[in-house]
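Same chain, two partners: subunit A is paired with subunit B first, then with subunit C.
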Partner chain A sequence: MKETLMDILCCPLDKETLELEVTQTDQSQTETEIIDGELVCAECGTKYPIEDGIPNLLPPDMRE
Partner chain B sequence: MDVTDLREQRDIEQVYQPAEDSHLLATTACEHICADDRVLDVGTGSGYVAATVQERTGATVVGTDVNPHACRQARDHGVDVVRTDLVSGICGSFDVVLCNPPYLPTDPDEEWDDWMEYALSGGPTGRAVINDVLDALRSVLSPSGRAYLLVSTLSDLDAVTERANENNCETTIIEEESVPFETLVVFEITLKH
Partner chain C sequence: MRRREVRRTYDRIAEHFAQTRAHAWPDVERFIETETEGSADSTALDLGCGNGRHAELLVPHVDTVVCADLSRSILETARDRTGGRTVELLQTDAADLPLRSESVDVAVYIAALHHLPTRATRLRSLDELARVLAPSGRALVSVWSTVHPTFEATTGFDTTVDWTLPDGETVDRFYHIYDPEEFERDVRDSAGDVQDVFTSNGNCYAVLGTDRD
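Entry: the complex of A and B
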């Protein structure tokens, strides 16, 4: 995911802001791609993984 | 086959692939979207509609899908994708919302409980997902924005219009195409002020 995507993402549980923690990026594109990392809700603290460039904004009980 | 090929094969089997409805929505949407529009494709599936709009109009398109196989396929098609249930992880306002929802009326006894069922079944009326999308539209659409929603006569067009009206939205049918057993239409939906 591109970092600019942060503007439109929110916690699915309480619609609050997410904080981005980056583990791995891909700099080969025109815009830096975040490949692995985590999104953490600033309000409730729920963590959402970013894996293979895809943020997973399913609440924990909806993930497989 | 190596691991990547197997994964791709499984993704294709578990994801709704572009059909008449996808083509109709993509073609219609392209006529109504310009390069500086911010576009959200809800339930992007293979990413076909999102990728087509992105390529032909130059607009920035973000796709959402609940299905992890669909997310991977859409990303492989160059779409920025978020795994979430419809728009539940999305905030902010978009100029355009696109959606080709699952619309087949399905008897609860016939639900087969895999990702393809999610992509096809609209519950007993065919409108389960359509209704959820209409109810959520105001939360993601800018005041002057418009949504393009693909609906089939199988899921009762009047009932869809009624639900949109309940959400204080206006609907216009801007495109239709007859295919065996159903007519596909594209609704343009705007917010009443």
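Entry: the complex of A and C
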């Protein structure tokens, strides 16, 4: 995912702001791609993993 | 929980499913051509994107295309089809969208709402779609319908439909097959502002706007 996507993302549960924590990026293209990291809801603290460029924004009870 | 089962099913059948969904639907193509005219800096959402066959039509017309699906494996097929980084991929539940209100200018939600197991969940999903639509944004929603020749019933019903993998193994998928009156009632009961409702090729369609137009 690109960092600019943060402009439209929110927590699926309470629709509050997500904070981006980046573990790995790919800067080989014109726009930096976030490969691995985590999105954390600033309000409820729920964590959503980003793995291989795909954020998993399923509510926790839908993940497994 | 049935939605988790739908996710697991699509995770399993993703690769084969993607191969069998080669072409975009003409009704969806027409909608995209009409709604993306002159909207180069806008954001499009393909909800329940599957292999990305409709997202790829959106790519040339808008600034950002968000492909959202419950199944991670399906999202990977959408990434392959749309050529890597031209789209943004999101693993989401269609009834709890992780998108800000009024952030989407044009949306397609094709052949996916019918996988949600209860009317309450389907209405919530339509409400969420209306919430994320920008003022004057438009969404095209389609579901499988009793008007399709496969079905004898004339009123909506729940069923499971087998998917047969190349090795002969079958995996079933939950569907709510809508009748046209029921579909129209549901879209009118949602937070979306109904612009148009029609049936085509065995599917029911609705064009939704917002009452913030």
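To be clear about the criterion, the second predicted complex is superposed on the first by the 64 of 64 C-alpha atoms of A that agree within 3 Å, B and C clash if a C-alpha of one lies under 4 Å from a C-alpha of the other, contacts with A are read in each partner's own complex, and residues count from 1 in each chain.
Everything below uses one rule, namely that a residue touches a chain if its C-beta (ideal position, glycine included) is under 8 Å from a C-beta of that chain, and two chains touch if they have at least 3 such contacts.
Only a predicted model underlies this, so the values are computations on that prediction, with no experimental measurement involved.
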Fit or clash - subunit C, subunit B, common subunit A: clash
Partner chain(s) touched by A:Gln29 [first = subunit B, second = subunit C, both, neither]: second
Touching partner for A:Met6 - first (subunit B), second (subunit C), both, neither: neither
Touching partner for A:Leu20 - first (subunit B), second (subunit C), both, neither: neither
Broader residue contact with subunit A after superposition on the shared chain, subunit B or subunit C: C
Partner chain(s) touched by A:Val40 [first = subunit B, second = subunit C, both, neither]: neither
Residues of subunit A contacting subunit B in one complex and subunit C in the other: 1-2, 5, 7-12, 15, 48, 53-58, 62, 64
Partner subunit B, residues of subunit A touching it in the complex: 1-2, 5, 7-12, 15, 48, 52-58, 62, 64
In the complex, subunit C residues that touch subunit A: 1, 3-4, 7, 43, 64, 66, 70, 72, 75-76, 85, 88-93, 96-101, 103-104
Parts of subunit B lying in touch with subunit A, wherever the complex brings them together: 40, 62, 66, 68, 71-72, 75, 80-85, 88-92, 94
Residue ranges of subunit A touching subunit C (in the complex, touch as defined): 1-2, 4-5, 7-13, 15, 18, 29, 33, 48, 53-59, 61-62, 64
